[in-house]
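Heads up: the structure comes next, in structure tokens.
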Amino acid sequence: MSTLDVGGYSPREKGVAGLLGALAALLLLAVITGFLAPAYLLYLVGLSAMYMLLSMGLNVQWGYGGMINFSVAAFFGLGAYGTALLTASGSPISGGVSPIVALFGGLGLAAVLAVIIGYPTLKLRDDYLAIASLGLAEVVRIFILNESQWTAGSAGLTGIPLFFSDWPVLGDLTYPYVFNVGGTSLFYMSQSVVTSALNVVLVTVIVAAVYLFLRRIHQSPWGRVLRTIRTDEDLAETLGKNTFAFKMQAFVIGSLIMALAGVFYSHLVLFVSPQDLQPITTFYVWVAVILGGTGSDRGAMLGGFTIVAIQQGTRFMTDTGALPIGAAPLRLMLVGLLIIFIVRLRPEGILPPERELIWPDSLGGGRNE
Amino acid sequence: MTDPILTVDGVDSGYGEVQVLDDLSLTLGEGEIACLVGPNGAGKSTVLKTVFGMLEPWTGSVRLGDREIGGMAPEDIVRIGVGYVPQTENVFGSLTIDENLRMGGVARDGGLDEVVAELYDRFPILDDKRTANAKTLSGGQRQVLAFARALVMEPDVLLIDEPSAGLAPNTAKEVFDDVETVNELGTSILMVEQNAREGLGISDRGFVLDQGTVKFEGEADSLLDDPEVSRLYLGGESRR
Amino acid sequence: MSEQSLVSDGPILGKEDPVLRAEGLEKRFGGLVATDDASIEVERGTITGLIGPNGAGKSTLFNLVSGFYEPDAGSVAVNGVDVTGKKPHQIADQGMIRTFQTPRKPEGMTVREALLVGPHNQTGESIIPLFTSPDTVEQEERRSLEQAQQMLERFEIGDLATQPATDLSGGQMKLVELARGMMAEPDLLLLDEPVAGVNPVLADKLAGFIEELNEEGITFLIIEHDMNFIMRLADPIIVLNQGSVLVEGPPEAVRSDERVIDAYLGGPSE
Amino acid sequence: SGGAPEDGDGGDGDGGDGGDGESTDSSTDSSSETYTIGMVDSLSGSLSAFGQRNQRGKEIALDDINSVGVGGGELAISQEDDQSTSQGGVSAAQTLVNQEEVPLLIGTVGSGVSTAIHESVVQNTDVVQISQNSTSPNLTNFPDLLRMPPAGKAQAEAISTLLDEDDNESAALAWINNDYGQSVGEAFVDAFDGEIVYNEPHDQGQSSYSSTISSMADTDADAWVFITYQPEFATMSQEAFDLGVTDQAAWYGGDSVKGPKVLESAPEGSLNGMKAVVPSVPQDAENYQGFVSEFEERFGEEPTSWSAYAYDAVVVSALAIEAADEFTGAALSEVVRDVTRPEGEEATTYADAHEILANGGSPSDVDYTGVSGPIDLDENGDPVGLLQVFEVVDHAYESAGFIEG
Amino acid sequence: MAQILQYLANGLVFSSIIILGSIGLSLVYSIADFANFAHGDTMTLGAYGALVAFGVFGGLGGTVLGLPIGFFIALAVGMALAAVVAVLTHILVYKPLDTDSIGLLITSIGVAFVYRAVLQASFGTDFLQYDIRRSGPIPVLLDTLDVAVTQRDVAIIVSAAVLVVALHLLLQRTTLGRKMRATADNPDLARVSGIRTDRVILVMWVVGSALAAAGGVFLALYSQLDPRIGFNILLVVFAAVILGGIGSVYGAMLGGLLIGMLHELTPLLGDIGLPISNAYAPAVAFVIMVAVLLVRPRGIAGDMT
């Protein structure tokens, strides 16, 4: 913490950026050489972006405000179910609504639930909040599982359209899509590549918007109050801060971001079922936030990426193993060991927060050390 | 000065990479009370923590009599007759007063009940609250408990960090009296005190610490009389 | 004897313009009565001292008036508004801020960040203005930063501004706690032993600083065992004993009151 | 060699690869072409017990196929784990379809997961998907999602018929709370004419189901019907025994409550009289017997029907490759149904079927009848499946006849 | 009436298992100061340890409460194994870590994966069982009270009670309990007072994981054994610990009892006419738990500040 390089980038950040750059180059190379199929890569990018959103959302709750929310999967699921119930052809209640409208449906559902869950539980502290939120998340899951007249129950929802399905040009592409320049077709792309590419564009826009939004609200007096609440709620109270209101705001914002991830997931995977609300997703997102660096937005993004890298990377790692142990346990073990080693090597996460929560422009006057 | 029982010799120490103590040396004579004074952040508490093994000296040595104790673990240092009262977080909040006192004596071989009973006699403020959790104590009561906890071991050398902070004048007097009593019973005492005049008043020798080194040292009385020391470190007059 | 008569038995009530008025406060913990029918008034513009033996109930009284404890009986009014049973932040909104006897450790914050939380009702504490009026936020923030830096320099810890607020000595933490309270610029500031553990030379300077702020219009209610400090600053001084007000009066009179000497000051040391 | 650790290796000199995320099983002569198809299986997670059995079936199938050869070359299977979740399944299928570009995908166990894979990866491509284990009736709605086991609907109807035959007028139904349990349960309720006095789901993987059992015992149903998995049923049967209510009603079950483990763990005699309807083949069919003995020899236990389905999924895939003009999804999907349809000559082993095709037979000249039954994939991708009724007699399963699905 | 008694009896058995799990978790929670997500898999580990040992000692003659003597030896072996593994994990993984309690929590998820991977690799994922015959309900109780309780149930309850009492004595009659609480409260001050906190923490791991293992063994005895049993029950165990009040061993017992009972008593809601199906049993338990927390935000045995 002694080197507070306000505004600039710390050596650690530069290091991580360099590493990511190198990785991106490597992946690009892999695609060009045909080692990695573009559609698959794009799918992985979409998946990473989804985890980035989830961990950014959790970071607002836990990293900013110290709220141990174990209902990540529930909010993710609500976003996913919200949009799926409105758009899917297989939806028991509605279906056929335009995805862009449904987006707000999903978010609205999550916001309402965030307030309902938050109202009683945000008064609890620490671990009590954790288990209460976990419990309520289970209630949501069990509800979706059992009330099949509204949710299609365990069968899940099929027939979800692509996000751009009813957009003017994007919705009417024909496949394979031929890329024409001046009458000569340059290259063509299969449907899965185009679909994945569009998904990646969509999610990149979402991630960027969320990140910029968060950066502004985090490095501000608002973010600072939350950090105070995180370490000592009583202190914030005596200083006249309405801690409950602040926590509620952060809780709702975080939940909305998670729901956004869910909405995206629905249109990426085109199928949702109560399984998607299993607590295991919550655990993975927690791991992502901690590995990334609690309290840092960039860390959260990196963590989201890391968790996908671990999940998918171990798929390939287990290929090479001539070990006398099956693929599944081997992979489980690798995931476990990777988690242990990252915490060991980077106890504060890969990119822990290094900035003071002070409005950046107000430090700019060169008055700095 | 009597034979040194505790010697700190050329010690550098600090937290993580941050150095606080800079080639610091001081000695505590057998049977003496010595008082450490100085501005906030001078490194007084750091000296005690380093002696007591909470911090490892980076260089130099810490000796108890002839024995090197620098870097020894606190739980072992307790067992060779050194006691320590930290400045902050010095009671077990979730344990009762009685349990706190008994925890002070885990390294004792026996006679725990007697010592504890005696301490209740000496500090009636604690006797009233034997079964209360320490976190319900007032600031001053807590301070007294912390002091009493360290006495359970009946140490040869006692390190006390600001025993009078937060104490009402009457209680502070009692505690200072107790420090003297304990000392008369044979315990050598190294004490940090912001209430510098009172602290030096009951001490044999004093050290003025600033920025991690000893700026002045000598007989307690001569420090009290030194106008420069007074102006820079002790403030106008007795604080009570 | 003339001084003695200046001392009132129990609290002086019915002051002209009290910022804080606490009436008949009672708080029990199990069988223990920590405050027992305690009433105090703090007159606007004063520096009022609150002293009393360890365990007299001073901090409990602070907790009661600031909303941390729910009183078993009695009422509290700040600036004429009844705040009994209100949340701490609602009471702070009425213009009263307190500090803690045991300093709070803001983890993961630098010293100046910890101070910047102090100012009350910052524009940037709401989300919308962060996007609609960033300039106002920036200006406020600049002002607070400057003020924080000045404050830290006065407290002789200016060089610690960007240090983690948890890596401090015991005395330094108390200073940060005090400085943050002052940043809030409330009508009434309750200080719980502000200079316990603070070097006497610095404590003298702080006394001067408190006087300055007082002249600028901040009222103080200060608990302190440091007689020099409190006798120099405070008038009147309220003495609490066993949960209720023993006497109230001007410092010199209180200091020579027999009851106070018995209960609190103690005889001259032998 | 499958993902399951104690599988050991296939033995007879082929493919000595140990662990595999994507194992490539191949035989020693490698001069000829290798056809790689994909397989998504539940190697970890809540359905991993099924996945483990599938792996064994798959292994035997590969050996049988590669000892004969396919398309002049050999068959290899790229293996991925779905972790029993739809997210995992989609990722696994993405790897196989988009990264490894397999034209045919076997996958997977859970009905929900199979659907997820189909919806997000397979649909709108010409990749052929054959689920090895999914029985949910919902899958019928996806005609190009093929599967080996018969839809649970047939099973539910068969159970209902059995109940009628045994003069049960009321039934208590406990179903596992997932796609399989829900849909089979619903099908049973539709089919059963008697009164349903209890109809409740239960969660998978609980340590105790005594509340379910107690509630069932509270009713005076003539028959108790269990649509659940083996571990859950094992727990229930033990708890019923402990509560002393085993004899209160006649017990019936769906396919996945029958298994040697269940009998092993149930107290001696406690399950006597229970009937289970299981998709099956005539026990005495020669090919099935061969499969059983091979399986027992390798793994020291009897196969379940799930292993048989996995076996047939691999064989059908190989036959499609043999029959198709080229190794593409489009070509495979044209022939994959045909090789199982009853129009052709019945072949009960891969070798026989291969021979017909190799001698110039067209796809519809073959009617592969697998170790799991006639298969006969219809236009919805569902097999005709044969159902067999088992009854527990003297603490052992005894066949009590067959029902055509 | 008999119905309620029956539910209560079921609840008592289930509670005994939960209690064993939750005491151990609570110990670790308060002393090592983190929510140990590997606790469930420690339970599983113990159960498999006992399975292997039962293969060796199972044949030993004589029965107690319908269980062969060999079973109790196997139980002890399972407990010892879990203790050894936990201590090794502490030394190799947790101790060298320089992180906060959430970092430890995440690490413990990693540890849980490793334990499970090892079990899965060595025993497969199919379910297994101790080879002990079930004997059905005890006739006397069935006849007189119309309540079905098996010898095995009694054995589980009695063994859990014995272990709980032993722990109680350990905590109350020796200074160990006090030292544990002191270490949990303030490890630095504990060392200053002369407590060898390293040892206290080791003992804590030994006791906590041995109890977890016992819980796992009984769980496996009660239903059956697969690599996920411990993990599947972990959520419930956590709920018990938190409901009881984090850090309070006695609270954990109370919480375990309550959660176990709630879990088994849900059918009662249906019996008294509420339209709540058994599918909502876990949901009901959680909702009640949240409700309790709202009234007592620090758990049943937690203090009210």
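Here the chain labels run A, B, C, D and E in written order, and each chain numbers its own residues starting at 1.
Everything that follows uses one rule, which is that a residue touches a chain if its C-beta (ideal position, glycine included) is under 8 Å from a C-beta of that chain, and two chains touch if they have at least 3 such contacts.
It should be emphasised that the depicted structure is a prediction, and the values quoted were computed from it without experimental measurement.
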Contact distance in steps, from subunit A to subunit E: 1
Intersection of contact partners for subunit B and subunit E: none
Chain whose mean Cα position lies farthest from subunit E: C
Centroid-based (C-alpha) most distant chain relative to subunit A: B
For subunit A paired with subunit D, centre-to-centre distance based on mean C-alpha positions, whole Å: 36
Geometric centre distance via CA averages, subunit B-subunit A, whole Å: 52
Inter-centroid spacing, subunit D versus subunit C (mean Cα positions, whole Å): 74
For subunit B paired with subunit C, centre-to-centre distance based on mean C-alpha positions, whole Å: 29
Residues within subunit D bordering two or more other chains: 4-5, 44, 48, 51, 177, 201
Per-residue multi-chain contacts in subunit C, two or more chains: none
Per-residue multi-chain contacts in subunit E, two or more chains: 120-121, 277, 279, 282
Those chain pairs that satisfy the touch definition: A-C, A-D, A-E, B-C, B-E, D-E
For the subunit D and subunit E complex, residues of the former touching the latter: 4-6, 44, 46, 48-49, 51-52, 177, 200-203, 205-208, 210-212, 214-215, 218, 230-231, 234-235, 238-239, 241-245, 261, 264-265, 267-268, 270
List of subunit E residues in touch with subunit B within their complex: 175, 178-179, 181-182, 184-186, 188-197, 303
Interface residues, subunit B side, partner subunit C - complex: 15, 18, 38-41, 44-46, 87-88, 125, 132, 136-141, 143-144, 161-162, 165-174, 176-177, 194-197, 231-240
Residue ranges of subunit E in contact with subunit D within the complex: 3, 6-7, 10, 14, 17, 120-127, 129, 133-137, 142, 148, 150, 152-153, 219, 222-224, 226, 228-229, 232-233, 263-264, 266-267, 270-271, 277-279, 281-282
In the complex, subunit B residues that touch subunit E: 52, 54, 73-75, 78-79, 84, 86, 89-95, 99, 102-104, 106-107, 133, 149, 153
